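In the two assemblies presented below, chain A is common to both, partnered first by chain B and then by chain C.
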Partner chain A sequence: MNRFVGAVPATARLAVTVLLLAAMGGFLALGWGAAAVLAAYATLFVLAAFPPDPRWKLAALAVLTLEATLGLASKIGGDLLFIALVGVLVLLLRLPKVAVWLKVLLGAAVLLLGIPIAGFANTFLFELGIQIGIYSAMALGLNVVVGMAGLLDMGYAAFFAIGAYTWAIFGSSQVQHFLTTWVPLNGNFVYLFMGLAILATAATGILIGLPALRLRGDYLAIVTLGLGEVVRILANNLDHPLNLTNGPQGITGITKPPIEGFQALLAALGIPRSASTDYQLFFYLLVLVIIGFIVLVNVNLARSKFGRAWVAIREDEIAAKAMGIPMVKTKLLAFATGAAFSGAMGVLFAAQRGFVSPETFTLTASITILGMVVLGGMGSVPGVILGAAALTILNLDLLKGFSEVLNTMRQDGTVLLGFPMSQLPSQVDPAKYERLVFGIILILMMIFRPEGLIPERRGSREEEA
Partner chain B sequence: MTGSSLTVEGVSKRFGGLLAVNKVSLRAEAGKILSVIGPNGAGKTTFFNLLTGIYEPDEGQILFGNRNITGKKSDSIASLGIGRTFQNIRLFSGMTVLENVLVGHHNRIRTNYASAIFRWGGFGKEERRAEARAHELLRYLQLDERADDLAANLSYGDQRRLEIARALALEPTLLLLDEPAAGMNPQETEDLKHTILALKADLGLTIVLIEHDMAMVMTLSDRITVLEYGSVIADGLPEEVKANPRVIEAYLGKGGANA
Partner chain C sequence: MDTLLLLLPQVLFDGLLLGFVYAMIALGYTMVYGVLELINFAHSEIFMIGSVVGIEVFRSLTGYVPNPYILLVVAVILGGLISGLTAVGVERLAYRPLRKRGTKNRLVPLITAFGVSFVLQDLVKLLEGLWHNEFFLSMKNVGELEQSVTLFGIFIQYKSFILIGVSLVMLGALTWLVGRTRLGLAIRSVAQDPSTAGLMGIDPEKIISRTFLIGGALGGVAGVLFALQYTTVSPYVGFLPGIKAFTAAVLGGIGNIPGAVVGGLVLGEIETLAGTFLPVLTGGAFGTEYKDVLAFLILILLLLFRPQGLLGQIVKEKV
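Let's look at the complex of A and B:
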């Protein structure tokens, strides 16, 4: 690969990049969405595989951000340009030899201008951004357990459920089913409950971990899988004798945090407002802040005695013990840390959706989060976030979008390659094959990039060009 | 730092029908080097695993200094001050050389969880102190230039020395070395000999050594204990052990002394 890259002179790489960016701009001006999207992806590919000089690369990324944002704002090319923005962030993260403040500036431009502007044009993109954020945060939590400490936890969604239900019950009229005199809590309590959920899920993690962490590898996976199901089934059945969770119907009407202050701020800044985007923007920014905090916690822990102890356990348990690392305590700490992240995001999830039901917390959810960690790169913070973004986009956007395209074709009676699309059986619906596509991706990853999209990096201090 | 003595009294370990260690008693004096030798399969490594809590003895007791450590868990024995290396190298191969040593230093790093998360309360200072200490140990074992390399990328001899550096990071008073010279070339073995003598002289460590390189054992040891089929067959000064007919027999077979 590297030899191949070297064969293309730097000026040629730059020329191709410039050409592609110009083409993309042209397509956008003409309103040719599909062509613009292709040009954007081609640019990203060239920048990733045949990088020009880092400074030019940064400039190209900035131009790409601008063009993609303009495209998204004028709804040319649908949501697909959103993926280009995510791509810009990934390449930015891997960009060497450029002043950090420039990288931060462009990163902030993407996150604070590009995506919100796109979100105002298409509120679904806000929703997508928020979901990516929530799943990234959870994947980062699971990264501590699976990626760093090497403890295969297949019931991670249980902690998400506990967090979500903590707020759902007390932040809605559900609480009155068993505490008749209690009033649903005011939305400001969301923040307090995120703290409470951190404590509650960490405690649950320790409680579950005490017996489960005596096991290793596959056995631990089976036990945690079972415990995950226990929590979901509890949520499903605790509507009698005492109605705690409202059973399979789930809990609706969960209070959102009040945002009058935020709205006043928006008004003062002259930002366009509407009832729906206010909340979307608010949650989007809130999730960004939380992600920033969680990344910080993750990185700080990784570079402390605790992170080192976790990795040591993953690498060789007997040697770790011989170094005086207390096994049970250290494993429990990893388990509780991961659980706490998940619990806090559960509260946020409940508050943002306004609705929770046991269906969200299935085994599939646990496996999806695990898939994000494995896909992105176990132990690698940028990798895990990328994994979360990739799978969330795939599930929420790409497959559903593709289904819609097929449906439209079916209804319009389009004939594709001589085949009348109206004859296409309704079983051929990509959204139904979410798991299949997910599985194929994981298999391909195991073959071509077993260490994940962005593998954990230790040791080598030099950065990849 | 001064070494602690180790007293083992009638320790046995049975695996099914195999009596791997049979009523072994021995004593390592503080600040001295004791070698445990014996043919392959004599139970030497099992004996180390009993000392470090990987196995629990079926009978007998182990005293570290005056403290009874029989049946204690591996990690608490390590934190009391017994460091060890492994015959089949057990480094954290995905971590850097420096990180390996820092893991050894785990219990000496005074950082709590909250200060690690938020990097407050002297976290940085403590971390820098630990790193300085780790570099010091790496320099001691001539590994400092490799500090940022992955442990897996070191040569065999370097990996063995890294195991020693990592064990020293525990700041032990007793060091158990399980065949530290295995797979080393003559020059590396020579260097290792000096390192072990320096550990004894500089740090006053008590060292228990399992080794097959007899030249090394004879020059280093203050005392030697010989195991065969799990039992002690000889114990004494190097010259005494060397001349002991049972030892010669164990190594060379019956009639070997005449061959």
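Let's look at the complex of A and C:
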């Protein structure tokens, strides 16, 4: 009846309950707004411990959204409540027997009211939302390659880099280093360049994929791994003989898209404004629109002739071949599609940050995106978005937070289990060990749950049949 | 141009050194691929562990044991042992559970291999961070081993002789082991068909574990020699040699033991030649950095025109 809660074992439910009770205890001491937070945790607790009927669950989720938003607006319990909001979205997707319009309404409330309100109170949460969005979009692109077609792409960040550099070079004064008469393009060209980046990365994907895809899948992993490294080396060294990328310093002062119209709209709606939040809200909404589009493409692709062909190849290459599926053409299409998503997001990333450097596009970036797809569930759209949200929060928020806690302990001279923390070497910094965390996630997921946290629907339907 | 020709013997010799390192790493890839059809990407980290062990032995024991030759023997044995055991542990903890589950999806063990690789990198980084609070390590001066002779206009350090000598001994021992012993016979039979090998009284699991031990030990010894020759090491030092050694294994024909050696030597020479002559020939426009790009280009071209490698045969995929 209730698939999501039913999938959670009793011990896990008990653990969540204990954890939440402990958290509630901590918040009892705080001032106003803490009541909302407390109520939010209580709702979570009830949801986790006593799974209600789906209809009641929807109501509980709505209450939880309201409470989390109120708590976030009064700047209390920031990160955990933000995670709760993301959790609401995930649970919504897994709710059976509830009218679609109700789900859409609540989802829209979380995305368009809850998170922006939280973002106005704490701009870091805006940044977090935007990064989750960008990574979700990329992970959805990689999902086409790894999840649907079963091709392991280890250099996905290379396409991200190509997209980011396309706009970075032409949207800043960098272009004048090699085309002296050219003026940097104005911000409206961002959208055109997203299209150009799609073409450029798809072409690169075909160029790289053509030799590797004729062979068994393993080769593709190593070739793409090499490609990732090559693109990084090129970005690092193409400041001579012709200064294309400005080398290791990276490119600064990249033009953002113009938002005068958007600002006028905000003013008309009476939304509180400031120079920084205007842009954050704009990019947040833009990313949402793009994700909506990408999800649509993903779902339609999965049901299309090509999507079915990809899954057939993933499940059994030889059988698919025997059924008359053209191998190289179909695989290339998957590879190029995935690359194109990444390229478009690269343009957006460059425009949003205003700065790109080769440091952003290392192997770790490719692994992060792969980790999102694997954690969430290869081939599953909600799973991949959940994976992207979880790993982005882990990376940008929790690991850094853990580092800060350790640093405070170092400075205060705390003694932990008889070990003076001030003696802890400065290289032991959790924020710098994201590879360890992602590696462990990859290994454990492959051993215990290779289908991911939210498995692809297609697989389960086949098993039931 | 004359100066370039004068440089040539030296460049070829340097390429040979690099080639032997690649060859020894490539053997680990090729052997595991032979028995499991798995690209054990974590092998580059096994190599890295060997190089870190090598440096740590010289750093911490120089004070007690002044003779660098004894230190070298200790480093080679410890490096080979620790790397070999790590490889066995990785197989036991990460790969065997996957085989037990019997997943047919080829992606699964490959993703595990990458996961293991990242975990090992950061674990070594963590250990070195706790121990020295730094993880870019450099070799101590190794006394007598730094001395050099000039033969036929080639500047050769004693440690380079050692690198070549130890590599040749290891390669010889491996050829003997795989070709002439019962263990070698068992390895070859598991590579051919694990279930039939099982019927013949061979325990495939045990043989797989031994293969990881041998491949890992070779990688570890290569790491110690690499650290001795190139003197700086970090937890990330395995990545590029790892990719290149894999390229070397493909170049020679993956699964083929003499092929891995040939591929390693060829790749080492090409890379060193390119690294030296590319900046000169292009007037400095393309620097030595592009030598890493070259290995990758070779891999792409190879996959296009001769995917079975120099010495390999085309293998029909099993259904």
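The criterion applied here is as follows: the second predicted complex is superposed on the first by the 383 of 465 C-alpha atoms of A that agree within 3 Å, B and C clash if a C-alpha of one lies under 4 Å from a C-alpha of the other, contacts with A are read in each partner's own complex, and residues count from 1 in each chain.
Definition applied: contacts are C-beta pairs under 8 Å (C-beta built on N, C-alpha and C of every residue); 3 or more make two chains touch, one makes a residue touch a chain.
For clarity, every value in this text was computed on a predicted model and none was experimentally measured.
Peer 1: In the superposed model, does chain B or chain C contact more residues of chain A?
Peer 2: Touching more residues of chain A than the other partner does is C.
Peer 1: Check whether A:305 is in contact with chain B, with chain C, with both or with neither, and answer first, second, both or neither.
Peer 2: In the superposed model, A:305 contacts chain B only, not chain C.
Peer 1: Give one of first, second, both or neither to describe whether A:211 is in contact with chain B, with chain C, with both, or with none.
Peer 2: In the superposition, A:211 contacts chain C only.
Peer 1: Using the superposition on chain A described above, determine whether A:421 touches chain B (first), chain C (second), both, or neither.
Peer 2: neither
Peer 1: A:297 in the overlay: touching chain B, chain C, both, or neither? Say first, second, both or neither.
Peer 2: A:297: touches chain B, not chain C.
Peer 1: Just checking: does A:318 make contact with chain B only, chain C only, both, or neither of them? Give me first, second, both or neither.
Peer 2: After superposing on A, A:318 lies in contact with both chain B and chain C.
Peer 1: Looking at the overlay, does A:435 come into contact with chain B only (first), chain C only (second), both, or neither?
Peer 2: Only chain C is touched by A:435; chain B is not.
Peer 1: Using the superposition on chain A described above, determine whether A:327 touches chain B (first), chain C (second), both, or neither.
Peer 2: After superposition on chain A, A:327 lies in contact with chain B alone.
Peer 1: Quick check on my understanding: which residues of chain A belong to both its chain B contact set and its chain C contact set?
Peer 2: 314, 318.
Peer 1: Which residues of chain C touch chain A in their complex?
Peer 2: 38-39, 41, 94, 97-98, 101, 103, 105-112, 114-123, 125-126, 128-130, 132-135, 239-240, 243, 246-247, 250, 284-285, 287, 289-290, 292-293, 295-296, 299-301, 303-304, 307, 317, 319
Peer 1: Give the list of chain B residues in touch with chain A in this complex.
Peer 2: So the residues of chain B in touch with chain A come to 52-54, 73-76, 78-79, 83-84, 86, 90-96, 99, 102-107, 109, 111, 113, 116-119, 123, 127, 130, 148-150, 153, 166, 169-170.
Peer 1: Over in the complex, which chain A residues touch chain C? Could you list them?
Peer 2: Residue list for chain A touching chain C: 146, 150, 152, 154, 208, 210-212, 214-219, 221-223, 225-227, 229-230, 233-234, 236-237, 240-241, 314, 318, 363, 367, 370, 374, 378, 425-428, 433, 435-436, 438-443, 446-447, 450.
Peer 1: Which of the residues in chain A come into contact with chain B in the complex?
Peer 2: 297, 300-301, 303-306, 308-309, 311-312, 314-316, 318-327, 333, 458-461
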